[in-house]
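Heads up, the next two complexes both have chain A, just with different partners, chain B and then chain C.
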Partner chain A sequence: MYSGMFPERGSRMTSDARTINIAMEFSSTPGARYRSDGPYSGEEFREAILETALQESGPDACVEIVLDGTEGYATSFLEEAFGGLARKLGCDVCLQRLRFRSEEDPLLVEEIQRYIRGADE
Partner chain B sequence: MRRSKGTYAVPMSRRLGVEWGPAAWAVVAVLAMVIIMAIAAWCNWEASKGDFWRLKLVDFISPVAALLVGVLLANLFSSREAKQLHKSEILERLAICAQETCRAAVMSTYSYVRDPSRKREREVLTEFQNLSRAVGLLRTAKITDATIPYEPRLSECFFELKATATDSPFGQDRPSFTEERARRLERLSANFDKEFLRFRLAIYS
Partner chain C sequence: MKRVFQRPRWKKHSSARMRYQLARSGGSGAVYESGSVTPKGTVRVVAPVRLSLIENPEETLEFFSSVLKSVSRRREVFLDLSGIEVLTTDAVMCLLSAIEATRGGGKRTKMSGNYPVADECNRLLVDSGFYGFVYTATPLGVTVNNEDIYAIASGSKVDPNQASEVKAFAVDHLGIEAGSSEAKKLYTSIIECMANTRNHAYGDERKTKRKWWLMAHYRPESCTVSFTFVDNGLGIPATVRRKFADAVRTTARALSVSPRSQYIDADLIESAMKGEHRTKTRLEHRGKGLRSIYDGAKDGHLLRLQVISRHGMVDCTEDSKRRLSGAFEGTLVFWDVSGTRKPHDE
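What follows is the complex of A and B.
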């Protein structure tokens, strides 16, 4: 089930779009908020994986994030990774360039989108 | 998802109320047909002036046909109702499983707060992951079954509860949860419980 929003005008969702599988490329046990909290934190994921992928894929290209395969995400991880990115790049840019996919837990996509929208508040 | 013994059983009164409501109308219809048949048979008997051999074959066939139609109608109504009831029971079981997963998630959060460890932290996250999937399923079921007169706030409750339980200082080496946060967790868990009950009631309304 594809749970992301439809690509908006101006964004590119090509077949060679970068895909990040969190369980495979980062960790199947994501941690807490900051690096100081322990391994596999949201801050680490954002800086090492997410921002790098966005830079590499070009200014308008989309990045697809596969959320399945982990043992659950803490709110602190999700908020820091995606809410933190929205605080840096802006909510609209994040919603436009990030596509989330979760077949196991579609509600997770909605949860992340809430953190992105709530980052401006 | 766990399920405690016997909690999902639908009370007999409610079961009868749902299953026999429209089915009772079918029974009444059959009875009415039997009465009409008896009157028709009596009229035929009177018309034949008590002579059995003056009755025609159609006088026998028409009451039997009416009875057959009545029985078929009753069967149709009751099987449709039974199917709907079965669907509602499955949905309620799912809601109860989700409710118990919610309680398990809150209990594991309490035990993590009392004695934090990486193992307990994973347990909390796994319970919340299970809860998220269950709430997602319930929401999908609600969307596909438009007969439920209820706008669920289940996902809202879930997001609030999860944020209270698993946002910082959750996952830190030495997390310290405030009293205010523990009270908030308790309040949100009670609200969530109430929301599950509302959903379960709405399934049968």
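What follows is the complex of A and C.
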């Protein structure tokens, strides 16, 4: 099941779009907000994986994020990873370039999008 | 220079009167309080029959308050646990929190104690791994072999691996699917508690080590797992941002006759749990952790959720709150999760 937003006009969702599987590429046990809080934090994920993937995939290309396979996500992890990115790059850029997939908990996608939109408030 | 036995103090203590007093107290030279083995100068604090913050908060808080008062005065404390007949996991962890208080401030205060006579209570202390945190003359309970108890874990940072282990313990016992949203909520709740301790529980306090304790207990008769999370921080009411309405409420309560009703701590805890933007950072994107746990109780993922901090006790599942006359120094979060496995279906 695809639970992300449909690609908006102008964004490239090509077959070779970069996909990040959090459980496989980062950790199956995500932690809290900051690096100082402990391992596998949202800040660490954003800086080490997410921002790098966005830079490598070009200025307009989309990045797909697979949320399944982890033990669960703390609100602080999600907010810092995606809300933090939106505070840095802007809400519109994040909503345009990030796609989310979650079969285990589709409500997660809505939650993340709320954090991204909330970054502008 | 006068020799020791020529000094007035020596003469006073070797007087006939002193020797008579020593003989009466069964004296062998050392002075003990009558009826106990507590050395003189040590404060003996007797635990209530029901040592449980959840079931008997007032008496239990009075006990812990006496312990901490003696510790703050640098007095040696002897914990008399012999009379306990009912002991719950929250009290075991609060005991550890109180013991941790003796280690703060750079100087240690000596604390000792005895064992509960009731076999069940003593077994809980052993199985919980309590004795692994304290010094015992003979090693007790370091090897935990009760499969229904996830022994006390402790840390100062967010520990995802520990949270994952506790989740696995609950999932195994309750028979719920590891990938289900219910199981994920469990993991999330534990991480939120740890993060809350790390970021908020101690405010700007830098003296005390930011420490938390976590324990899980499976009850086969009801097929539930009870989680207890304790930190010895400043408490939620002391660390949340107070609003103007709180100041008005505090003033109004100060005029009240009953001293207990003066505290607005329970209101502050409830408000923080509901996520009413209480974070001292004042940042809109912060302070969502407690709300996340609260939502778990509201959408039925948690069977029971109780929070005790300072003078407040809030039951989030029943929407009830209680003002406590004694203060709990820190925060205790207690929640139950039920499973699909039938009782005794192993």
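Just so it is clear, the second predicted complex is superposed on the first by the 121 of 121 C-alpha atoms of A that agree within 3 Å, B and C clash if a C-alpha of one lies under 4 Å from a C-alpha of the other, contacts with A are read in each partner's own complex, and residues count from 1 in each chain.
Assume a contact is a pair of C-beta atoms (placed from the backbone, for glycine too) under 8 Å apart; a residue touches a chain by one contact, two chains touch by 3 or more.
Predicted model, so just to flag it, every value in this text is computed and none were measured.
Trainee: Quick one: classify A:S27 as touching chain B (first), chain C (second), both or neither.
Mentor: The answer is second: A:S27 touches chain C but not chain B.
Trainee: Answer with first, second, both or neither: which of chain B and chain C does A:E64 touch in the superposed model?
Mentor: neither
Trainee: Return first, second, both or neither, reflecting whether A:A119 touches chain B, chain C, both chains, or no partner chain.
Mentor: second
Trainee: Classify the contacts of A:G83 with the two partner chains as first (chain B alone), second (chain C alone), both, or neither.
Mentor: Second partner only.
Trainee: Which partner does A:E44 contact after superposing on A: first (chain B), second (chain C), both, neither?
Mentor: In the superposed model, A:E44 contacts neither chain B nor chain C.
Trainee: Just to be sure I read the superposition right, which of the two partners does A:E110 touch: chain B = first, chain C = second, or both, or neither?
Mentor: Touch partner of A:E110: chain B, not chain C.
Trainee: In the superposed arrangement, what residues of chain A touch both chain B and chain C?
Mentor: The answer is residues 29, 31-33, 37-38, 71-77, 79, 104-105, 107 of chain A.
Trainee: Chain A touches which residues of chain C in the complex?
Mentor: It comes out as residues 157-161, 163-164, 167, 179-181, 183-188, 191-192, 194-195, 198-199, 284-285, 288-289, 291-292.
Trainee: Given the complex with chain C, which residues does chain A contribute to the contact?
Mentor: 27-33, 37-41, 68, 70-77, 79, 83, 104-105, 107, 115, 118-119, 121
Trainee: Under the touch definition given earlier, write down the residues of chain B that touch chain A in their complex.
Mentor: 121-122, 125-126, 128-129, 132-133, 135-136, 139, 155, 158-159, 162-163, 165-168, 170-173
Trainee: Can you list the residues on chain A that touch chain B in the complex?
Mentor: It is residues 29, 31-34, 37-38, 71-77, 79, 104-108, 110-111, 114 of chain A that touch chain B.
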